[in-house]
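Reviewing the structure listed below.
Chain naming follows the written order as A, B, C and D, and within any one chain the residues start at number 1.
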Amino acid sequence: MKLGYFPGCSQTGTAKEYDISLRKVVEKLGASFDEIKDWTCCGATSAHVTNHLLANSLAMRNIMLAEQQGLDDLVAPCAACYNRLVLSQYETITHPEIKKEVEEVLETKLQKEIKVMNLIELFQKIGTEKITANRQVELKNMKVACYYGCLLVRPADITKFDDAEQPTSMENLVALTGAKPVDWNYKVECCGAAHTLARRDIVLDLSKKILDDAKEHGANVMVVACPMCHANLDMRQRAMKREYPDHKDFPVLYLTELLGLALGMNEKELGINLHTVEFNYKELPSEKAAV
Amino acid sequence: MEELRKHAKELLENKTVAAILGYVEVDPKRTRPAVITKPEDASKLVFNEYCLNNLAVYLTKARIKNIAKQNGAVMKLGIVAKPCDIHSVIALIQESQLKREDIHIIGMNCHGVVKDFGMEFSGETLASKCVPCESHKPLYHDIVLGEEKQTPSVSDEVLAKIQAIEKMTYEERFEYFKNEFDKCIKCYACRAACPLCYCQRCITDKTIPRWIESSPHSRGNFSWNVVRAFHLSGRCIGCGECERACPMDIPLSLLNRKMAETAKEAYAYVSGRSLETPTLVGSYDVKDSDELFM
Amino acid sequence: MKIGVFICHCGENIGRTVDCPRVAKACEWLPGVDVSLDYKYMCSDPGQNMIKDEIRKRKLDAIVVGSCSPHMHEKTFRKAAVDAGINPFLVEIANLREHCSWVHDDIDSSTDKAIDLVRMAVEKVKRNVPLTTIEVPVTKRTLVIGGGIAGIQAALDVANAGYEVVLVEKEPSIGGHMSQLSETFPTLDCSQCILTPRMVEVYQHPRIKLMTYSEVEKVEGFIGNFTVTIRKKARHIDEDKCTGCGLCITKCPTKKKAFNSFEEDLAYRPAVYVPFPQAVPNIPVIDETICMYYKNGKCGMCVKVCGREAIDFHQQDKIVTEEIGAIIVATGYKLYKIDKKPDDSPIKGYGEYGYGKYKDVVDGLQFERIASASGPTSGEFKRPSDGKEPKKVVFIQCVGSRDESKGFSYCSKICCMYTAKHAMLYKHKVHDGEAYVFYMDIRSGGKMYDEFVRRAIEEDGVKYIRGRVSRIYEKDGKYIVRGEDTIAGMPVEIDADMVVLATAMIAQQDASELAQTIGIPYDKYGFYNEAHPKLRPIESTTGGVFLAGACQSPKDIPESVAMASAAAAKALVLFGSDKLEREPVVAYVNESLCAGCFYCKKVCPYGAVEVKEVKDRNGVVYKEVAYVNTGLCQGCGTCTATCPSKSVELAGFNNEEIFAQIAAL
Amino acid sequence: MKEQNWEPKIIAFVCNWCTYTGADLAGTSRLKYPTNVKLIRVMCSGGIDPVFILKAFERGADGILVSGCHPNDCHYNAGNFHARRRWTFFHELLDYLGIDKNRLQFSWVSASEGKKFVDVVSKVVNDVKAMGPFKGYEELNNEFMTEFPDVSGVDESMILKEKEGEAV
């Protein structure tokens, strides 16, 4: 199975380990990536705040490249890229006048409707039975709080792949690895997103609430599917300890890293050592001892 | 031909039918309809590629019906019928003009008729109505006579012409049909020849109010032909008599065939083929398509 | 033919954008018009008298009135014409208001259009044929569909007026949603106390035929002459033998298999059950889906204990047909279940409130059952999850109502009042409890309504917070309700023990199917359409069918009762005369032209076309033609358009009249 | 008629129970729509006959709307179903004979859809305005006038056509 792959800026920058683990897990599950050649930035928040046509054209250019490369679907692991691509595609399909403008900018005709997929849809397409088939390690000591963040599930009637308020699709994937997903409240609460630069205090406050709620519900690790969430929840924990002295480290993994562990890879291979908060599966308290 | 004459003689002799509608020979390449009441006249009956008329049109006429009414009782009427004529009989029965038990159908196997009298029967001279015909054996009959022969297969010009017209622009089509209809002299021969035009007083003769202008100017001709084609849509069985009867050679089959195709595409209905399925006109299906409606 | 044209200004409704004097003047010289006047209020007494005087003075044969829609005042002007001696069907209305003045603003073009509309009406009236109304017998029996408070009230009113009533109720007992309530606003009467006597009165009323656990399957015929087919679902208990002792219910082994829908899924019920203790009729029903007998054929406990051998497992549904004159629809409402909706449904549901996920987030009716003495907690406030007494309860208004994007755009009208009542009941029983109400605007417009809400706030200390709630989530046994206080201008978080959602009132699940069975229009939410929102709120557009209660739109008990009595009055008006006058708009056949193809018979939805044999002098049938039975014909005109030779025409809309209108353009 | 400020003449055959009442609702809600449309009320959309359409075109209509109740909502429960099948044939025939599809449009408008009535009417007016005057029938009519100048009065004598101030 060959899938189109749109890495996006974070995969080659701050979220290096997300890209490494993703490629390894996909390869292990017998699928392969066909990265779009000459992809550009998806426009993220800065584009769609400043100019509507710019935002749509940037996103649609990547989809045009995928079409020209003869791909049927396009995986965008970063939730923000996924959101931009899906929304621009939705707008160009449903509004003929926007489609005309974008086609003028790109100087090509857009025919094919490429299926843009986020991380969870990717594994659903590859087939969850493949994960169970290739599982080598049962991560039974892990109690996982699945964090969706905002862009993965919203706007609900366009992303459409799960319930926007009470999503469960990530829990189903996590359960396949033997880890136990925990029912908690802050699944779709905001982590502070872009405020991480201008108003770091907000991010610290919101992210701390998320981490504390996960701890309270018995989780010992959090799993995310978006580089921005990971940055705020993991990287900001050092500043969090300065702000809230009693804050204890709480490991945050990417979904692909968790799957990688279950498929028999070690932390180093998956790039988990690059995280701010170290994580080693063996050091986890065994199931019985956990409080 | 012999079994036809023998069978007709028997019917008349033992009075199973009051009369038989059939064809008699005028010359080797021409026949004319005839009503046979005496057994000895049965020997005049013929059946060949020159029996063009659709005898079903006479079944609804008062004079023929009176022949069937003898001393109070309604007797049967025999009819020598090609499969397409039988479709007309079926359509008439569905529209309560005839009762099946009053008609003794002598069904003839048919491999096509000529375009017009005097022509040698071959592929080119095959009547346009026989080209797409798929019912060479009679569906409804009291008896089947005549041997089965192969109908020469010829390209369907009428359908080709319809498709050509459909490709024209609106103006061209309107112009084409306006010129065709301009030829109309309102003699209403097409109405007289059609077995399904049995109304006591046709709508075009209704004066108060005058829905269809009766004078043969272009507007009157246009609306007459539109209404005639509409009133036959979903009913016409394509016997082609109207076109053959038209003195001005207006291509009426282009209209009838088009509406028959529409009935087939939209509702998978072919008229006059079975007594069981309800007529298309006057019935509906909740799941009919809605895309015409905003 | 001398015609009078009368143009109405309708105050300035028409006068503002249609130059009425110019219209009147322009129509003066239309061929056949004898007089053409305009007046400020044609439908007023002076206006009508002016028309009558003109008719008498000038001996007019027909009149055309340029005024509002015929649906409004056609009857008025026809009555005026009859008083002045003209046949009522020689009156034509040109709709100059709804179809002209109100919808255009350029004076010249709308006046030109008005002239055209009047000219069309004049040409039509020239061809109108004087008609006399058809008299049709009236079956003086009423069918009431729905046994809630509205249905009960309507049935009692009609029965007390001396006419027979058939009351059909879908559930095993009448009482509807009112029987589920604990106490009712604004008087805090216990709903059972004021409702049960009425239910018993219905049960014992000699002229009310009560059919519970039954549904209407088919409605044929028309006003005054309906034939209604009703399916009486099998209760598997013989109603005549059963005394309602309830032994079978106590002995039935299936205890926790099905929720009691009356208790809004807060309590279970056995296979054989009575929805609530005061049920009328007090005869249980056996639920085949969970009864052991139907599963494995053994059990039969109830048969053993029943002293009257009333249990009959093989009882079949019974089909009953009733001759009915008037139908009163009182099928009530349903509360909107706000949990996750299927993807394709336009309504999104409120996943963020956790309804369905957290047991202690309940809706209004569930709270009523908790507060009700006959409810699962027999009146004590115990929250469904652990039965503890909630110390802090949050009520949320407008969940699903007034919400275009996720719910319904309309206001459900009664939630402000019943939420105030809920809070008050809670504070009366849990003195040290705290009650919060998140609201947008309090709508308490009835008699003693606002005083009731003020009392809740001032005497019972209910804290009203103006703002919406964004999210509810459970945190160590408490429900964190995150909202906003728009007056204080800051976010608010309350750790509540229980949350009550005032969800929207929506139409019944099968409302549109029932509407199509009866043949009445309904709006996009499934509420039934009244004939005119202001002037004819009780009748449906279909003659002989009247609406009562929440099935027409959300309303509270006093309004439902008032509407029920009004519907009963409308039915009694119908029964006032033995004969019913019906519009003479029926089809008629010109037998000399009819060719007997009977396409008209095939398309007639009422089977009003019959085959008529035409005999010659010595009695021999020589032709069969169509014949229209004016009793059955409803005047739809489908036959006139299907007839190829136009031998059948519709009185009032015959060929000449329509031709004249087209030609007049 | 000059081309620019030419105003199309649209006739709407509407059923009394749904579309006519829907138009009333558009009135009571003061929704605005062009003045080109004039309504002819019949009891049911099943009672609208194709000859009405032909006569309307002959009398100079540039566009025609036929509108009734939504399927299943018909006051006489089957009228619109028969109409739907009838119009599929008639519309196909007119289209085949060269009358533009948008000259004759159909819609379902219920009694509670005042807004939809206005949208449907405006769409028909704009479509017809875009198409310009109905040349086909105009030629037929003009030909009619010139060919038999004296006869024109006789046949249509029942209806005098001089309209006050109508620009010919």
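Keep this in mind: a residue touches a chain if its C-beta (ideal position, glycine included) is under 8 Å from a C-beta of that chain, and two chains touch if they have at least 3 such contacts.
Note that this is a predicted model, so its numbers are computed, not measured.
When the C-beta pairs in contact are tallied for B-C and for B-D, the bigger tally goes to B-D. Between the Cα centres of chain B and chain C there is a gap of 53 Å. The distance from the centre of chain A to the centre of chain B, each centre being the mean of the chain's C-alpha atoms, comes to 72 Å. Separating the CA-averaged centres of chain B and chain D is a span of 35 Å.
Inter-chain spacing, taken between the CA centroids of chain A and chain D, is 57 Å. Among all residues of chain D, those that touch two or more other chains are 55, 72, 78, 82, 158. Chain contacts: chain B has residues 203, 209, 211, 282 touching two or more partner chains. Residues of chain A in contact with two or more other chains: none.
Here the chains touching each other pair up as A-C, B-C, B-D, C-D. Across the interface of their complex, chain C is touched by residues 7, 9, 11, 17-18, 20-21, 23-24, 26-28, 30-35, 38-44, 46-49, 52, 55-56, 59-61, 72-73, 75-79, 82-83, 86, 110-112, 118, 156, 158-160, 163-165 of chain D. By the touch rule above, chain B contacts chain D in their complex via residues 165-166, 168, 170-178, 203, 209-213, 215, 217-219, 222-223, 226-227, 229-230, 233-234, 255, 258-259, 262-263, 266-267, 280, 282, 284-286, 288-290, 292-294. On chain D, the positions that touch chain B within their shared complex are 50-51, 54-55, 58, 71-72, 78, 81-82, 84-85, 87-94, 96-100, 105-108, 120, 123, 135-137, 139-141, 143-144, 147-148, 151, 155, 158.
Interface residues of chain C, counted against chain A in their complex, comprise 340, 343, 348, 350-352, 354, 357, 473-476, 480. Chain B makes touch with chain C in their complex at residues 69, 72, 95-97, 198-203, 206, 208-209, 211, 231, 278-279, 281-283.
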